[in-house]
Amino acid sequence: MDEATTTALLQAVAAGAVTPAEAAQRLKRLDVEDVGFARIDHHRSLRKGFPEVIYGSGKTPEQIATIAERLAAAGQTVLATRCKGADFEAVRERVPDAVYHPVPRCIVAVRASPPRAPGTVLVATGGTTDIPVAEEAALTAELTGSTVERLWDVGVAGIHRLLANRERLLEANALVVVAGMEGALPSVVGGLVDRPVIAVPTSIGYGAAFGGIAALLGMLTSCAPGILVVNIDNGFGAGYAAGMINRMAGVTGP
Amino acid sequence: MDEATTTALLQAVAAGAVTPAEAAQRLKRLDVEDVGFARIDHHRSLRKGFPEVIYGSGKTPEQIATIAERLAAAGQTVLATRCKGADFEAVRERVPDAVYHPVPRCIVAVRASPPRAPGTVLVATGGTTDIPVAEEAALTAELTGSTVERLWDVGVAGIHRLLANRERLLEANALVVVAGMEGALPSVVGGLVDRPVIAVPTSIGYGAAFGGIAALLGMLTSCAPGILVVNIDNGFGAGYAAGMINRMAGVTGP
Amino acid sequence: MDEATTTALLQAVAAGAVTPAEAAQRLKRLDVEDVGFARIDHHRSLRKGFPEVIYGSGKTPEQIATIAERLAAAGQTVLATRCKGADFEAVRERVPDAVYHPVPRCIVAVRASPPRAPGTVLVATGGTTDIPVAEEAALTAELTGSTVERLWDVGVAGIHRLLANRERLLEANALVVVAGMEGALPSVVGGLVDRPVIAVPTSIGYGAAFGGIAALLGMLTSCAPGILVVNIDNGFGAGYAAGMINRMAGVTGP
Amino acid sequence: MDEATTTALLQAVAAGAVTPAEAAQRLKRLDVEDVGFARIDHHRSLRKGFPEVIYGSGKTPEQIATIAERLAAAGQTVLATRCKGADFEAVRERVPDAVYHPVPRCIVAVRASPPRAPGTVLVATGGTTDIPVAEEAALTAELTGSTVERLWDVGVAGIHRLLANRERLLEANALVVVAGMEGALPSVVGGLVDRPVIAVPTSIGYGAAFGGIAALLGMLTSCAPGILVVNIDNGFGAGYAAGMINRMAGVTGP
Amino acid sequence: MDEATTTALLQAVAAGAVTPAEAAQRLKRLDVEDVGFARIDHHRSLRKGFPEVIYGSGKTPEQIATIAERLAAAGQTVLATRCKGADFEAVRERVPDAVYHPVPRCIVAVRASPPRAPGTVLVATGGTTDIPVAEEAALTAELTGSTVERLWDVGVAGIHRLLANRERLLEANALVVVAGMEGALPSVVGGLVDRPVIAVPTSIGYGAAFGGIAALLGMLTSCAPGILVVNIDNGFGAGYAAGMINRMAGVTGP
Amino acid sequence: MDEATTTALLQAVAAGAVTPAEAAQRLKRLDVEDVGFARIDHHRSLRKGFPEVIYGSGKTPEQIATIAERLAAAGQTVLATRCKGADFEAVRERVPDAVYHPVPRCIVAVRASPPRAPGTVLVATGGTTDIPVAEEAALTAELTGSTVERLWDVGVAGIHRLLANRERLLEANALVVVAGMEGALPSVVGGLVDRPVIAVPTSIGYGAAFGGIAALLGMLTSCAPGILVVNIDNGFGAGYAAGMINRMAGVTGP
Amino acid sequence: MDEATTTALLQAVAAGAVTPAEAAQRLKRLDVEDVGFARIDHHRSLRKGFPEVIYGSGKTPEQIATIAERLAAAGQTVLATRCKGADFEAVRERVPDAVYHPVPRCIVAVRASPPRAPGTVLVATGGTTDIPVAEEAALTAELTGSTVERLWDVGVAGIHRLLANRERLLEANALVVVAGMEGALPSVVGGLVDRPVIAVPTSIGYGAAFGGIAALLGMLTSCAPGILVVNIDNGFGAGYAAGMINRMAGVTGP
Amino acid sequence: MDEATTTALLQAVAAGAVTPAEAAQRLKRLDVEDVGFARIDHHRSLRKGFPEVIYGSGKTPEQIATIAERLAAAGQTVLATRCKGADFEAVRERVPDAVYHPVPRCIVAVRASPPRAPGTVLVATGGTTDIPVAEEAALTAELTGSTVERLWDVGVAGIHRLLANRERLLEANALVVVAGMEGALPSVVGGLVDRPVIAVPTSIGYGAAFGGIAALLGMLTSCAPGILVVNIDNGFGAGYAAGMINRMAGVTGP
C-alpha cells in the first residue's frame, strides 16, 4: 500500500465512505500477511514505493492466484512475472480485472496508480528476439510511473541503425539496453549518453553464448563508464530500477 | 572539457584573458587527440559530464603520465585508477599538483570542478577488507560532484550493525554497497530503501569465493528489486554511476 | 534394522511369537542382501541409526519397489526420495501401507520408530518456491525422530519477516535454512543463533543463479561462522544431519 | 564477552574488585565498537558463544592489531586466522601474551575460557599436506572448549590405514575430515559413523584438482548421508561448527 | 575385417567355396568404403583388432542401418552404441540377426569372433543407477574376447560391501569401475589391486554432481596410482580398453 | 541490394521498364526499413556484399515471414537459418518460390545472384553427425558465389581417410573444417595446406564434450598456424567467411 | 625453405656459386631435423609458405637458440614469439643478426623474404593496453609479406574515434581487431567492412573479464557475419592468417 | 617392500646374514609406519607391486626427507616427484645415494629392483615443452621395470613427423602420449595402434588452453577408441600405469 493509497483510505474514512473498522482491517494487513506458503510483504510498497511483485516461475497457479488476490484486496497493484496461461486462468478467477500480457508473459491488475514521473525511460534491444525481455522491462517501468520509449533492433552490427536514433537516446532520463549474443550494445550506448544505462543480457544465442553468459560478461566488463548490469533476462529488475531513477528527476533531496 | 570549462574559456576570450588563437587551439583538442599509443577522447566530458578516466593497469608509467598531461593541459580533471607508486612518480613530473590516494590507488589532479549535486551518495562495505574498493567508489563520486557518506563493516553476519544505521541508508539518493565473500549485503540493503542500490562484488575471500564470482552471482540473483551490479572490484564504475544518479535529483527533465 | 527392532525381535523369540528359525533368517539379512541390481545394506541402521534410504532418481519403479519390499520385510522404515507417481504405484503393490508425499516427492512406510529426540529442528525457507526441498528436509528429520518447526518465506529482501521470528530461531537445536537465488538467508540466520545452521542451496532462480550454483557459492563463502552446506536441492541430507545433531542433545558422551 | 565473563564481571563488581564505572564501561562495549575501518561485534560472544574471529587475509597488520587489542581489552579471547609473521609482530606489541601457531598460521590470546565440552572432536586428514588446514580446525575446536583427537594421513588409497582406526572414529561426537585431490575420505568415514561428519576440501592437488574444486564437488555429492561441507581450506569454520555440535552433547533442550 | 576373417576368406578361396573375384571384392572393401555420409573404415579391424563401432547418437536410423549393413556384409561384427528402438528396427531390416540390448542400448550382430583372452575383466559399479553404463562396458569387453565378472552396487558409503569382494577384485586382469556422484570407488579399488583400474564417471547425481563433472574430477585427481579415466558415461571406451589390456596377458612381446 | 541489383534497377529505369517513382521507392528502402519488431538493414548487401541473413531461432514464423517478404520485395536474396517446418510454411505463403533445405534447416529464396568466384571452398567434416552444420556452411558459401567441394567423415581416428584426399585439400582457396568431440581435424588439415582454415566446433559428443566446448577449446589452441575459429555449430558464419575469402582470389587491391 | 629460396638455391648451383654437394645437404634438411628435444619441420615453409615459428614460452633459452640457429642455417627466416631478454641473449650468440622487438616480445632474423602482397592488412586495437598483442600480429603479417596499417585505441566507448577512420577500414584486404574487456570492437568493425575480420581477444581487464574469456565469448557470438576468432592474446596467429588472406588478393586460382 | 625383497630378506635370515630380530623389525614395518605427520604404507609394494611414492609438492623438505629415509631403511626404492633443489638437499643428507633428475624434478634412490618386463613402453610428446612431464612418465616406467622408448616433438601440425615413426609406435606394448594445447596427438596415435594409449594433457599453452583443460577435454572426448586419460601434467600416473600394463605381457592369468 503506497502513500497515496494510505492517504486516500484515511480520506475515505473521514468522508464516511469506509468504516473505521474496515480501515483498521486494511491497515493491519500492511505488515506481513501469512498465507501458509508465503508471507506477503504488504509493507513493501511503503518501503520501496511499489508493492511486492510475484515471481511466477516455480509457483503453482493456485499459489500465484492466492497472493494476487491478497495484494489486490489490500488495494495494491498486482504484477506477476514469468507466468503461463494456466497461471492467468487461476488469477482471473480471483481478480477478474487482471490482464495478461503474452509477449513479456506478465499478469497485471492495476490498483493504486503511482504518481507519473516527468521524464522518460528508453528501452532498446539489439535484436528482434530480445523483445520479450525488453517488454517486461517496459511494462514494469510503466507500472511504476514512467513513460517508456521503445527502440527495437538497433544492434551494433549495423551501427547506423543506432546512430540514426541518437537524439532519442539523449532525451531519456534512464536507459534500459537489452541484448543477447555478445551484448555489445550497452557499451556503444553508454559512450553516447550521460545518463545511467542499465544493461540486460539475454539468453538469446547459441554455442558460446552459453545462455546469456557471453552477454553478461561483456556488459560487466564494458569499457564505457556508467553501465549497470542486472541478471540474464531480468527485464523486470531493469525496468524497476530505471523507473526508480527516472522518478528521481524533479526530486529535490532526501 | 565540460560545459562549465567551455563557458569559462569563452568568457576568458571575451575578457581578453585568453587570445582567440589559444582558445581555438584548446577547442580543437576537444575532438580526439592522437598521442600514438592512445586517442584521448577530450570530447567525452561534454558527452558524458566527466572527462575520460585513465585505467592504469597494463599501461606503462610513461603512457599514464602522457595522457594525464594532455588532459590537464586541456583543462580537464585527471583521474587515474589502479596506479602504483611508480605511476604516480611519472605523473607528478608532468602534472606537479597531482595527488596520490594510496588506499584506492588513484592519482587525481582537479581542474574544472563539476557542479555540486544536492543530495548524498552512501558507500557501505560488508567488511574491513572491502574498503580499498569502496574508497575508489567514494573518491569517484566526490570528484563527479557528490557528497559521500561512508559506512564501513556492516556485513550481514551481525545484522544489528546495519540496522542501527537504517536512517543513514534512507537519506541517500544513491547507494553503493561493496561486499566480498557471499555478497549478501546489497540484498538486505535493497529491501530497506527505495533508491537505486549499486552492488560491487569484491575479490575478497578464498576457495569458493573464486576471486569474487560468488559475490557477483549473489548480487546478480538478488531477491531484492532495484539492485544494479558492476564488475568485481569496480569501485570506479559504481561511484561514477552513483554520482550520475545523484546528479539527477533536482533535474526537471531532459 | 535398528537396535530397538533387534531387541524387539529377540523378545518376540523369547515370547514364542517368532520362531528361532524365522529370527535367524531376519538377522542374516542384517548383513548385505544382494538382489542382483543392488546390495541392500541392512546393516546400515545399526551403524548409522537409520536404514538405507532409496534415492529414486534414475532407478526403475521395479527397482525401487524391490528394495522397498526387502527393507520393509526386514522391519526397517522405508524412505524413498525423488520418486514420481509411477514409482509409488509400483511400491504400493508390494508395500501396501506406503504413503506418498507429493510436495517433497517421497515415499514412506514406517516400521520401527526411532526414539524421539527432546529438542526441535527448525526448517526455514527464503521463498515459496523453496518449499518442496524444505519439506524433504522436514520429513526426513521427522522420520529420524525429531520434532520440526516450519518457517516459510522469510527471505532477506524483507528482513523484518525474519526478525519477527527471532525467538523461534533461538529455540531450535539445529536449523535447516533453504534458499535459492543468492542464498543469503543462512548468513543472516547464522549471525543470530548459536546452534549449527545447515544451509541448503536450491536450484530456484534463473540466469546467473545457474541452477543453484550462485546460492551454493554464497553459502560456502558465508561470513557467518558455523554454516554447514549440503548439495543443491539436498533437503534429505540436510534433514538427516539436522536430526543427527538434534539427537545429540541429551546425550552425555560417546 | 560470553556469559561466563559477564557473570564473572558482575561478581567482581559485587566483590569490589572492579568499580561499577569500569564495569559499565566494559558492558557498554558489548554492543558494537567503531574503530573507523571496522565495527567490532563485541556482542557476538553473547549471541554465538564465541567472540568475533579476525580473518587476517587482506587486512593490514595495523588493522589486525587494533581489533585484537580491543577484543582483548574487552576480556574476549582473540583468534586471528590466516596471519603472517608481520601480522603477529604487530599484534604482540599490543597484546603481549599473544601466541603464534605457525602451521595453521593463527594468532591466539586466551581470555575468558569457555566451559569444557564433555566429548571429543576428531580431526582427520587424507594426507600430510592437508595438515595446516586440519590444525586450524583443531585449534579452533580446542579454543571453543572441545578436546580434539588428531588422525593424520589416512587417505582412501590405503584404506587399511583408516579401518585400523575405526574405534577412534566411533568415539567422537563430531568429526572433521580434511582432504584434497578427489576428497573421497569423508564418504568412507561417513559410512562408518553415526555422528555428523564435517568435510573440508583443501586446495591440495594439481591439474583437475582445480584448487580444491574437485574435492569440494566430491564432498557435496557424497553418497554417504550426514556429510556437511564447508568452504575450501576453511579449517576454522569446520572446527567452529564441530565444537558447537560437541557442546550440544549433555545439553537437555533449548 | 580382422586377421581371423582374412585367413578364413583365403582358406575359403583355396577350398573353392568363394570365387577369387568375390574374395577380391571383399578385400577391396578393406580400405575405406564411401557411402556418401560416411567413410567406413573397414581397415580398422586389421589395425586395431576390432571393427569400427557405430556411435548411434546423432545419426539417423537410416544412416546406422546402412553402416551396419556394410560392416556385416564385409564379415565384420557390428556394434552400435547409444541406439534407440527405432534405430534397431531399421538395422534389423537389413541385418536380420542383429540383437538389441536394452539396458546398455546397444545393437549387436556377431560375425568373426575374436580369440578368447585367458583372464577376466571385472566391471564394478558404485550404485544401481550406474548399471546401464557398466553393461555397455561389459558387453564391449565380451565382444572383444574377454570374460567379464560383474559386481554391482559396492559404493564406498558401505565399504564392507566392497571389502567382502576383495578376492574377486584381485583375480581380474583389468578392472572397470563405474561410479557417479563423488566417484570415489576407483580410488579405493585402486588402492587394493595391482592391475590397471579404468574409471568411468557417470552422469548420475544432481546439483553439484554437474552431470558427471564431480565424478570425473574426482577420478582424475585420485590419490591412488594406476587409475586411468575415460569420458563421462563412456562404458564403451572403458570396456574396449579393458579388453585390450586383458588380451595382453599371455602375449610375449611385440 | 547489392551492386548488380542497383545497376540493373537503374538500367531498367533507363529502359523504361521501371518508373522513376518505383525505382525511387526501391532505393529508399536501401536504408533501414522499420517493421515494428525489426529494422531491416537493406543497406547491408551494399556494405557487406550479401543481404542481411535471418537468424530464425527465437523468432516467430510470422516475424521470419515478414522479414523474408520485405527482403524479397527489395530484390534481395533471402537466407533464413535455424528454421523449422512451421517457419517455412509461413515464409512460403509470402515468398512462394522459397525452398527449404531440411538437413541444414535453412530457407532460401534466390534473387540477385552474386558474381561467381573463380576458386573453390572445401567443406570437410570429422564425422557423419557433423553434416548438418557443414551443409549450412556449404549452402551459405554457394549462395554467396562460391563453388563448394564436400568431404565428409575424414576424422583423425582413421588418418588415412584424410591423407587419401590431400590433393583436394590443396586445391581449395579456403577450407571449412567441421568437427565435434575433441575437434582435432583442423589442426591436422592446417598443417597440410597454405590457405586459411576456418574451424567449426560442433555440439556433437557427450560428457566432457560439454556441448562443443571441448572442440571449441581444441580449435582455439591449435598448434597449427592459420586456424580461424567460429562459434559452436556456426556453419553459416564459417561458410560466409570462406566465401568472402574465396572471392578475394582474383581481386587486385582495395 | 620457401619456394623463392629453393629456386634461388638451384640457380646458385647452376651459376656455380654453390656446389651440388652443399645444395644437396641443404635440401636434405628440408625434411625434419631431429635435435633431440625437437624435430624441426624445415619442410613447413614449402607446405605453408612460411617457416616453422618458435613459440618461446616454456622453452629454455638454450632450446630456443638451437632451433633458431638451425632454421637460420637452412636459410629460413627466424621468428620466435613470447621471448624474454634472456632468450634473446642466447639467440644472438648463435644468430648475430637477430633483432629483439620488446613490445611484442619477439626475436626476428630475416633470411629469405617472401614476395610482397599487393594490398594491406589493418591492425586495430580497442585500447592502449592491447598494443603488445597487436604488434605481434603486425610484425607477423609484415614478415609474411604484407604491408600493415596500425590503428590504436579506437574502442567502442567513443565510437566517433572509430567512425572517423572508416575509410582506412574499407581499404584493407584483411583486418585484425584486437580488444580486451567486453571485446565489442570486432562486431562494430565487422558491420562496416566486406573483408574478413580476425578478432583477437586479449587478457586485458579484471574481474569478470576472466583473463580474456569475456572478450573471447563476445567475439565468438558476434552478431556481425564474417568474424573469425583466434585464441586469447594470439597476435601471431591472427597476423599469420591475415597475411595469408591478403596474399590471396591477386591470386587467380589454385 | 615388494615380493623380491621379502624373499631376499628371508634368504638372508636363512644364510645368517640378518638376525631374526632384525628381520622381524623390518617385517613389522611392512604394515603402516606412523611418523607423526604421515603414515607410511610399507605394505603398498606388496599390494601394488611398487612402494609408496612421495608427492613432494606441499610437503616440507624435512617431511620429504623423513619419509624417504624410512622407505630406504625398509629396503624400498624411493621415488619423490615434484621436488625442488632444496628438497633434494634435505633428502641427500639422509639417503646419500639419492639422485636428482632436474628435468622431471624427481628424486630417486633405487633399492630392490623390480623384474624387467619383456616389452617396451613408448613415451611421445607433441612438442618440446611437454618433455618434463614426459620424462616423469619415462622415469617412472623405467623404475617399475620397463624399457622406455622416447619420441619427442611429433605434434599433429606436422603429421609427417609422426607417420615417419609409425613402426616405433606399433612395437610398443603401451604408449604414453603427452600433449598440451589442443591435445590432438593421442587421437591420431590411437587410430594407428592396437595397444592402450595413455593420454597425458599438459598445462602447456595460453589463453583458451586454460592450464591444460583444453587438452584434457580433447583427450577425454577422443574419437579414437582405447584412449585412457590421466590428470593434467600427471606424467607419474601415466608412466606407472603404462609400466603396469607392459608387465602384463607374458603373464598367463591371474
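Should a chain be cited, it is by its letter among A, B, C, D, E, F, G and H, assigned in written order, with residues numbered from 1 in that chain.
Keep this in mind: a residue touches a chain if its C-beta (ideal position, glycine included) is under 8 Å from a C-beta of that chain, and two chains touch if they have at least 3 such contacts.
Just so you know, these numbers come straight off a predicted model, no measurement behind them.
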Check your understanding: When the contact pairs of B-C are compared by residue number, which of D-H, A-G or G-H has over half in common?
Key -> A-G
Revision key, fill the gap. dist(centroid_CA(subunit E), centroid_CA(subunit F)) in Å evaluates to 39
**Study point:** Geometric centre distance via CA averages, subunit E-subunit A, whole Å
**Key:** 55
Study note, to complete from the structure: Touching two or more other chains in subunit G are residues 127, 157-158, 191-192, 207-209, 216, 220-221, 225, 231-232
Review point. What is the complete set of touching chain pairs?
Key: A-B, A-C, A-F, A-G, B-C, B-D, B-G, C-D, C-E, D-E, D-H, E-F, E-H, F-G, F-H, G-H
Exercise for review: Can you check the complex and tell me which residues of subunit A touch subunit F?
Suggested key: 127-129, 131, 152-154, 157-158, 160-161, 164, 204, 206-209
Check your understanding: Where on subunit A is subunit G touching in the complex?
Key -> 126-127, 155-159, 163, 181-184, 187-188, 190-192, 205, 207-210, 213-225
**Study point:** Of subunit H, residues touching subunit D in the complex
**Key:** 32, 36-39, 41, 43-44, 52, 55, 57-59, 63, 82, 201, 203, 211-212, 216, 231-234
Review point. How about subunit G: which of its residues touch subunit F in the complex?
Key: 47-50, 53, 118-120, 170-173, 191-196, 198, 216, 220-221, 225-232, 236-237, 240-241, 244-245, 248-254
